[in-house]
Amino acid sequence: MPVDVDARLAAIGLMLPGAPAPAANYVPYAIAGGLVFISGQAPVRDGQYVATGRVGAEVTLEAAQAAARLCGLNILAQVKAAAGGDWSRVKRCVRICGYVSSAPDFFEQPKVLDGCSDLMVQALGDAGRHSRSALGVIALRGNVPVVLDAIFELGG
Amino acid sequence: MPVDVDARLAAIGLMLPGAPAPAANYVPYAIAGGLVFISGQAPVRDGQYVATGRVGAEVTLEAAQAAARLCGLNILAQVKAAAGGDWSRVKRCVRICGYVSSAPDFFEQPKVLDGCSDLMVQALGDAGRHSRSALGVIALRGNVPVVLDAIFELGG
Amino acid sequence: MPVDVDARLAAIGLMLPGAPAPAANYVPYAIAGGLVFISGQAPVRDGQYVATGRVGAEVTLEAAQAAARLCGLNILAQVKAAAGGDWSRVKRCVRICGYVSSAPDFFEQPKVLDGCSDLMVQALGDAGRHSRSALGVIALRGNVPVVLDAIFELGG
């Protein structure tokens, strides 16, 4: 697991945002059994949704991939917070589950999630390679096109 | 983690039901690695669904929140059973995932889940604060408006 | 936990396939904290989807159950790979989550999942009894009728 995650992100022009606050009465992450469970992250930047609508209708595949990438950046911000800012405590990304708000004839949910999965490998190297599920849902909060949640393994 | 969960519920006029039986060939919970995984709980009371239909269509937000609260009560009943009736063995609520049967233009899934999340904090105090994901689905068993599953941490 | 899983499957006329490759940039399973998280498995045989369409529309309940059974067989193939081919390292099936691509008036998602749940008990005995959630989604990759993911407990 690389410990220079912020530098790796900077090298591809990205910077971790502040960890977004939850949308309601829950916490952004919870740690148990050596795992950290990250709450569903939306494509939020500076407190605003960057995209709304369904993929395959108002939202293109390319825009959805960019939104998934932003969800992934928010996941990484939460993971860093969960690890007290110390990347050496993060062992790996274990699991991503992706919810894609989909037009009825849109069947490329995995390609949407790749926007996040590629980021994880760019940021974390082999430790970013995770198990995954992708599903097409009828609606998400605020009409965003994608929400992603995650499980990471913590050490030390 | 408070151990007088039943008393805390009684103080707000609630009583844990018997732990509902699964709807098919599975078990209501499974324990592994210090975690208990609770099967999806529907808004069932005395073996009957208390609400049917989609949120934003036949079911109002308020009715959906009440249904989510009942799902949460059923989750707590399962957790108590998993802990052998001993609340001191329950360390915390780690994770809630909520599936909201949604009209296509209903985007307030987090508010529905608050019906359960608020209950967890009322029943368990800070140990009830959890990570969470909310998604809008096209259909659920028996046309119920919401199903919730959960992960809790067990000790001892 | 029985260690003659392949023989038990052969007795009911089934053979484990090769573990299917992921559909995109992720891994088929990830191990952490004594648990193995299996990526969403589709009804794939020899690299081809065996069914497409929504349950309750183009796909019957019976065909969906058969598809769920095939997803379950692919899950078992992944679990065997995760355990290095040694079934004695597999302690139990902890959790199945099932995503059923559903017509708007199809509400029998649990019956679809039974195709997989029954297989788990046939293959693993009591160690195959798991917690579970079932939801109806609007679309899945390649327009398949069902995708299932799973968590197993590993020992030794």
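Every chain is named by a letter (A, B and C) in the order it is written, and numbering of its residues begins at 1.
Heads up, the rule we're going with is that a residue touches a chain if its C-beta (ideal position, glycine included) is under 8 Å from a C-beta of that chain, and two chains touch if they have at least 3 such contacts.
As the structure is a prediction and not an experimental result, all values here were calculated from the model.
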Same or different, please, for the chain A to chain C contact, judged on whether over half of the interface numbers appear on both copies. different
Size of the rotation, in steps of 5 degrees, that lays the CA trace of chain B over chain C: 120
Which integer distance in Å separates the CA centroid of chain A from that of chain C? 25
Could you check chain B for residues that touch two or more other chains and list them? 33, 137-138
Taking the complex as given, what residues does chain B use to touch chain C? 22-30, 32-33, 37-40, 97, 99, 101, 137-143, 147, 149
For chain B, which residues count as touching chain A in their complex? 33-35, 91-96, 102-111, 113-114, 117-118, 121, 129-138, 151, 153
